[in-house]
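What follows is a set of structures to go through.
In what follows, chain A forms one complex with chain B and a second complex with chain C.
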Partner chain A sequence: MRPRDAIVAGLRRVIRHHVAASTALYLLGVLAAALYPALARRTFVDENAFLVAQTTVGFDRRDARDASEHYRAAIDAARTSPGDVHRSDALRGWLEDELDALGMERYRQAFALDRHSWTRGDDDWGRRSDASSIDNATHGVNVHAVARAARGNGREGIVLATPIGAPGATLEADAAALALGLVVMRTIASAPWLAKDVAWLVADARWGPGDHGIAATDAWLREYHDPGSSTHHSAGHLTQHRRHRAQLSPSPLALFGRVGALQQAYVLELPEGAVADVASINVVGFNGALPNQDLLNVPVQLAKLAGFPRAGIFADSSRFSGTGGGDGDGGVKGGDLFDAVGAVVGGAPFAADLRRVAGFALALARGTPAGSHASFKSYAVDAVTVRMSGSRGVPTGGAHRRDGVSGEDAFLRLGTFAESAVRCSNNLLETLHHSMFYYVMVDDDRFLSIAEYVAPQGLMLASSLVTAIALAVIGTSTGGVASVFVAEKTRGKNGGKNGGKATPAATAPAHDWSSALALALLAHVAGWCVLLVATRTASTAAQLAAAYAGALATAAAALATWSNNVDGDEGSFDGDEGDGRVGARREPPWATLKVVALSVQVASLGALTFFNFALAVAVTAPLAPLQLWAHGGVGGAIKPWLRAALTLVAAPVLLVATSCAALGTDARACSLGDAAAAHVAWGERVHVLPLAWCVAWPGLVLAACVHLGGVRGWRRGASTREEEAPGGPEGKKRR
Partner chain B sequence: MRTWSALALVLALVARATGDAAADTPARRAEAFFQSSSSSPAGGSNHTSNWAVLVDASRYWFNYRHIANTLSLYRTVKRLGIPDSNIILMLADDVSCSPRNSFPASVFGNANHLANLYGDNIEVDYRGYEVTPENLLRVLTDRHAPGTPRSKRLLTDAGSNLFLYITGHGGDEFMKFQDQTEIMSKDIADALEQMREKRRYNEVLFIAETCQAATLAARFYSPGVLAIGSSEKGENSYSHHLDRSIGLSVIDRFTYWTLEFMESVTPHAGATLAQWFSQLTNHRLHSTAKPRLELFPRGAHDARVTDFLGHVSKAAPMAGGGYEGLSSSRGGRVRTESADAGDDAATRGGDGRGDGTGGGAAAAAAGKSGGEGARLKVGDEDAGRVPKAVDGGWATPGARARGEGVAFAAVSCAALVGAAAWVSAKAY
Partner chain C sequence: MRSRDRGAVALAAAGVLARVLLAILGWTESASERLELASPVDALARIREGHALWGMGQSPYGGSALHAPPLYLALVGPLVANAPAGLVASVPFIVADLVVAVAIHRVATASTRTSRARGSDAADASPTSPAWVVAMFLANPFSIASCAAASSAGFRAAALAVAVAGAVEGTPVVAGAGCAALAYLGDPTCAALTVPSLARAMAREGGFGEEGTGKKGKGKGRAGGGARSAFVHLCAWIVGWIVALVGVSQAVMSNARAAPMDWIRATYGFRLVAEDLSPNLGCFWYFFTEMFDNFRVFFLFAFDYFPVALCVPVVVRLGWDEPLFCVFVARLLCVVFSPYPTLGDASGYLALLPLFRAQLAGAGGLGYLVAAGYVASALLSPIMWRLWIVDRVANANFFFATTLAWMATQSALCVLCVERVVANSRLAKKKSE
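Entry: the complex of A and B
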């Protein structure tokens, strides 16, 4: 037998036993996901040009002392400012004076906020924002300074960013960030090795979702790449700000200094002030977008070289947990599931690895960034946020920590890290193209690349694909299956003798594709309507009402469509063509609908795999078995209508509850209303809600409709040609 | 009659004496010296000129060490006497002018910064994107576009010993250029074969410093080529040390230990290639540097380092002594630095791009060391023999011709006089 024949025969056998094959593939996918930690590889810096750890650092103790003095001066300036001046405005004023004293280029950008960025309402700080501005509720003020490379060509730039004024930030935190940035910029500006211009962005973090100044960074980047546009993005109802656009940015080109094409950005956050024990690296951007992995590994190495006892993506144990509470492993909080797997496979370390993988994947799946590096990634600028904190890793909000390194020593570490990071990027001659952009971190020094982590998703999608192909090609009828294969076999044997004619007994399934496609389209349109409701109302009840209304409409349409063909002879032959060729056997409409639903699922989730792998897996894992389980059989312990109800009601609830229990998340916090509000707050840039309503929910609705196919048969008194179990009777018989 | 016969006899004796005197001139002695030198008992090289092609194939700031490697050997071959006119220097990047360089206009091959390899006296023949596999092959085979400057051409002949050094990033039988293109071992092998067929070399010393460097010579098949790489197949080649003030590695191990050895080599030293290679141990290189000798019948033990990295000159400045007033015959006036420091500075300098292309030893020697006021000693370097002193100037084929001409004229005159006397005697 030739290899080709062997392959074809194997595929036919898989199709013939599609129930067993799909089940095996799905279980294999789950097993592969459970074995993720065993596939992990060591991290490494792939780009040699970074030249990590090969330099002496110019930032020395004298600079650290200067930073400490600046820190105190900034605090004094903020405390002695007039009462009607916002604290961050006072800090900005002090900073601009210091930059002028250094003779460094500085620029101020007043920007109008997008509607989605303006979710916190009026000033949370209870004071007026900026004395020179027009409205404290709808705009922010960014300041950036530029260190020019005397011998550079000015074509490429690096960004240091320190957001200040975040709602949770203390005065000490903001003052420390400014003092650090000021001295680091002074050091860099005088460095003989500087080949690229460096911009230091002090983003106004008072506004927008999250506490990281993402809205401000967005505005700065818009202005950077599209001069004058940051004021164009005000929402329609902010007409007053449009009127004052000229006042906000009278001559953007003249007042906004640039540093060439942005290559990398490092966002430094000091939530506890001048404390430097833990350097927590954050790389997750919008919808799980990640920077080149080199830009994760380099800061980890630099932080360790600078003296941070802990540095890495899991260094801060409060991250990657479902509710923000740490469990010490940097992973999700739930323990039972992972411990159970660990008990079977690799013990506690394996369970801890698995927990971290789940935590990182969950952060990717959520799609909401935890740092303004995400804004840079939106502009294809590789960026990371480095959050320096105390040894406990949990921000205290206090001024100084008494344990660990603080004050001058902390500034020495911080400055060493910041200068080293800039110098590494300064050494680069090209944009980052080595290493990889698709990865899942297992630990600070281990990861899974797409080559490893894509396998479970591929297997689960393959299980759906096998069933879809089987139903499309051989249908649900036992006779049809057998006869088709008999016919093909006969054709194969007699192909050279009788011109490929098949035996008259052979049949092929006939599908009513148009009805099934119309139903699938209806289900997805209904899901899209739910999304519209969600973005307009941000109400849980409204979303549920819209969702189930759409589901009922789809189900009603399915039943109505199929009842029109109730006299139609599903399972009957469309007739013999008289020339001995295979006659067409009409398949039940639910089988056709199942083929369409599975195909849509495979196509959409397969594509999503390459945009947000974690989210794709999170949707595929529960949706695939529900769709595979769906069938229009009339037998079994559960009635068809009950199966449909379980699919639409019990399955989502059970899924949410199980996921929350496994991930350690409070199920009560999973509010659709909050999700919709967050979706709007993030400018509808996060894909979770659209995926839930436009892909996952229609999938469930179609699965329920497939179950309802049995309702019709049940009313008619059971068709003998319909299958009685998932996968059809032929599966049982062949087993 | 008797009177005329006696006169003729006297003239004949005078003519013979004159001829003997011409044969015993310094020219005669120089010729004898060359003959003795070329047939040295130790199997020494009979080459007549030295050339070097030094190639840095990689660009970008983080490959600083490859530029430093090349410049280190450039300085070395110049110190040992090969003039810039006989060096083709190819640098794929100019790190000295990189804005990332903390020491602008400088290149250092050692963290002690004692020697600026870039210096004040450097001639880069191919720079930047000119450094390509094509141009290297053009240089070796002397197939250039019309109008190519002479300084960019390798004007070797059948008497030339060539030192070919190449460093960069490579792999199994290839070397990357500019991080974009590659040259294969077979390409270089064929170029060398073309050179052999065109009688463009006498012997070649090929050195590659890269990962799996030995494979770059794996396809060589032309005789007279000795090759050595910094690493064997499957091995990496490593840098030696960091310079933290510059922020990267500044030199590779093979070159570093080569330079360590070369510190003890003077232009007139008798150090052999075998002695050099013995210094390149696995312990030092972290890789295996094993020469390929089957194409080089003379063997590494009989080949001196200066046969390739030095100059063919038999003359060297000598502190003190009475050999003054020498002048060059073809090489023009060339400034020669003081030799007060001894042999080390013997032939340093050489800023004149003299002819030196086909004149062989005499012309090149004159070009390098024939400066005014230079104190020279002529040495036979073989086996440390006592240098022969030649006074009255360095003999050349022209001088030899002049001496023979005088003798011939004297004999002719004597014959004419004798014939005239015989005719007169008959007439009377």
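Entry: the complex of A and C
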């Protein structure tokens, strides 16, 4: 047998045994996901031009001492400012004076607050602890300074960002960030190696979702790439702000300094002030967007070279592993599950790796960033947030730690790291390689590239695709694909010598595609309407009501459509076999609907895989078996309408409960209303809610409709048709 | 109106409404920037550039911007001169799609009539209702998007549909006009490849040259005579129309001091030698970017030769029995091997596909695979483009993979259709013997 024939025969065999093949593929996908840690590779820096550890650092102890003095001066300036001036405004004023004294270019940008989307309500994000004037504020203020490269051409630039004023941040934390940035910029500006301009952005982190100044960084980047856009408003309540803006920046085009095309950005956060024990790297952007992996590996190495005892993406043990008992920032706490897998496969280390993979993937799937590097990534600028703090579990006492590295020593570490990072990017001549953007971190020095991590998703989607193709090509008949092909081939050769009589098993299936497509469209339009309800009301009850109303409407439409063909025309034959043409065996409508539902699922989740792999896997894993399990067969232990009800009610509840158990959160706290409110607060940029209502829910509804395909046969007491009806054999196989 | 046609009418109306809504909502500008919908030969920016040059009294073909024929520029240029283009700018494109709809409705009606006249031969093969044929074109997302993007693909589809409609109605003047318009709009190869089939259809379906009984195997001599006569008449009308179009075009261009060879070279030479290698849905751009210059001429010949080489055997085998199907295959092959294809071009030949429902009987399951290929390719194209150009996390190979998938899908459709039609034709012939 030729290789081609063997491949074709193998494919036909897979199609013929599609139930077993789909099940095997799905289980293989789950198994591959469980084996992720075993597939991990060591991290490496792909771009040699970073010259990590091959350069000397100019930031020395004298600079650290200067930083320490600036730190104290900033605190004094903030404490002696008038009472009606907000703390961060006082710090900004002090900073501008210092920059002027150093003779550095500095710019101030007043950006509008879109209160509708960024500050929903009056008590979100803990703003009430600040001065009351903040609640009435209509603009934020960014300040940025520029260090020009004497030997550069000004075409490329690097950004160093330090958000200040974040909710919960202490005065000491903001002052330390400003002092560090000030001295680092002074050092960089006078460095002989500087070939690219460097911008230092002091982002106003008082507003916006999250605590990282994302709204401010967004506004700065908008202004950078589209002058005037960040100060453009449509809401009437911002009129007063326009007056402020006119005073602050009468000519935005002239007062906004630029540094060419932005290449990389480093966001430095010092939540505990001048403390430098742990350098926690954050790379997760909006909807799981990641920077080039070099932007992760290089800071890790630089931090270790600068003397940080712990540095890396998992350096803050509470962030992903959930073992630190911390604040649960995306942590996965389903210890039992991972321990059980680890016990089977590779013991406790394997379980720990698996837990970290799950935590990282969960952070990607959530789609909400935890650092203003995400704003840069939205403009295709590779960026990373480095959060420097003290060791966990050690009481810090604000910025003045009694143990660990603090004060001047801490500034030395911080300054060394910051200068090294800028210098690494300064050395780059080319763009970073495109193959380093897709990865899942297993540990600080191990990762999975797309070649490894995409396999489970591919297998799970393939399981759905195999069933869809099988139902489309051979239908629900037992003859299988081989009989169809062979019969057609034989007919073609014989040319009707036998009168062209076609046997039922040898006929091609005929589908009523228009009805199935219309039902699928209806389900998805209904899902989109639920999303509209969610974003308008942010109410759990309203969302559930809209969702189930849409589901009932779709189910009713399906039953109404199918009842038009109620006279048992399933399995009937189109065409006149007598003329020798290929006859067509009419497939039951639920089978066609199942093909369409599976196809839509494969297409939409396959497309999502390119953008947010983790979210795509998280949706595919539960949705694929539910859709594969759906069938319109009659009889059996569970009646069709009960199967449909279970699909629509029990499956989502079970899924939420399982997810909450894995995440270690209270299921009662998982409110759809909160999810909708968060979706709006993030400017509707996060994919989770649209995916849930416009892809996952319609998929469930269609699966339920497929189950309802058996209602008619059940009502007619069609147990006698069990063996003959097209749904019977497949139903039996599934059961 | 039959009850089954009500749904078709509603679908067709929804398709037209979608076109109008997209134009009103201002999607023309963003859609015309998509490389899947607009090519260098009909991008709005290029038409605007040409129109502006023309308005200044300069030759619009002086630079390398414009590659549309003069009459197209004269018709569309003033409407799209100012951005953003509104509803008025979309009117010619909506009208072109409606012309396609009317033409294929007439073709479907004539095919149904012919099938009935032929009696039992195709009684089994209930042809698609003309209303559904029209609805499937007007509701085709590709044609809607192409119309929203103000792509000239709609005009080419209209020209082909008019040519086919003229052929099945036995009017060489209309068929010749459609064929000449197709050639004038930039696809002379396709126009040439369809002429024999159109002539045969004119004789067989349209009753031109005292044939038209539809009885196969009888009076082949008379049929051959009818086809020859139809061929001569059709060619004469095509030449006449082309001369008229060229003459009017030159007259229109006279005030811009554009020599005839200027716009002929810019319009047709540009396509022939594939000067612009910016990425699109075709395979030329990547192939010729990677290729050493020494081989460029040879492979240009090979690529331009492919449609002819593949189409002629189909015409020889099926041209007598299924002339309209040969027109469909010719158009499909020309789009596959076009240097600047768009989704609108695909919608042009897909408009004819429902006419062959009877001939394609038995391919339903495999048709799903082809349809899935079209959807997947159309979905992957913007994704890969974004990954490559916007997010910079991919390279040109990713997008080229999409174009290969697009080409493979169209090729699969071609192979599948030809295989089914040949098989069914053979079976029918055996039975009649």
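To be clear about the criterion, the second predicted complex is superposed on the first by the 633 of 735 C-alpha atoms of A that agree within 3 Å, B and C clash if a C-alpha of one lies under 4 Å from a C-alpha of the other, contacts with A are read in each partner's own complex, and residues count from 1 in each chain.
By definition in this document, a contact is a pair of C-beta atoms (placed from the backbone, for glycine too) under 8 Å apart; a residue touches a chain by one contact, two chains touch by 3 or more.
None of the values given here were measured: they were computed from a predicted structure.
Engineer: Would you check which partner chain A:Arg151 touches, where first means chain B only, second means chain C only, and both and neither mean what they say?
Structural biologist: First partner only, chain B.
Engineer: With the two structures laid over each other on chain A, which partner does A:Asn426 touch: chain B (first), chain C (second), both, or neither?
Structural biologist: A:Asn426 sits against chain B, while chain C stays out of touch.
Engineer: Now for A:Trp641: first (chain B), second (chain C), both, or neither, which partner does it touch?
Structural biologist: neither
Engineer: Between chain B (first) and chain C (second), which, if any, makes contact with A:Ala195: first, second, both or neither?
Structural biologist: first
Engineer: Just chain B (first), just chain C (second), both, or neither: which does A:Ile474 touch?
Structural biologist: A:Ile474 contacts chain C only, not chain B.
Engineer: Is A:Ala49 in contact with chain B, with chain C, with both, or with neither (first, second, both, neither)?
Structural biologist: first
Engineer: Could you look at A:Trp528 and tell me whether it touches chain B, chain C, both or neither (first, second, both, neither)?
Structural biologist: After superposition on chain A, A:Trp528 lies in contact with neither partner.
Engineer: In this superposed model, does chain C or chain B come into contact with more residues of chain A?
Structural biologist: C
Engineer: Look at A:Trp629 in the shared chain and tell me whether it touches chain B only, chain C only, both, or neither; answer first, second, both or neither.
Structural biologist: After superposition on chain A, A:Trp629 lies in contact with neither partner.
Engineer: Quick one: is A:Ala380 in contact with chain B, with chain C, with both, or with neither? Answer first, second, both or neither.
Structural biologist: A:Ala380 sits against chain C, while chain B stays out of touch.
Engineer: So which positions on chain A get touched by both chain B and chain C?
Structural biologist: In chain A, no position sits in both the chain B and chain C interfaces.
Engineer: Can you name the residues of chain B that touch chain A in the complex?
Structural biologist: 60-62, 98-104, 242, 244-245, 247-249
Engineer: Show which residues of chain A lie in contact with chain B when the two form their complex.
Structural biologist: Touch residues, chain A against chain B: 48-49, 51, 54-56, 149-153, 192-195, 423, 426-427, 429.
Engineer: For the complex, give me every residue of chain A touching chain C.
Structural biologist: 289, 380, 431, 434, 437-438, 469, 472-475, 484, 488, 491-492, 495-497, 500, 508-511, 514, 575-576, 578-584, 595, 599, 603, 607, 610-611
Engineer: Okay, in this complex, where on chain C does chain A touch?
Structural biologist: 7, 123-125, 361-366, 368-369, 372, 375-376, 379-380, 383, 387, 390-395, 423-424, 426-428, 430-431
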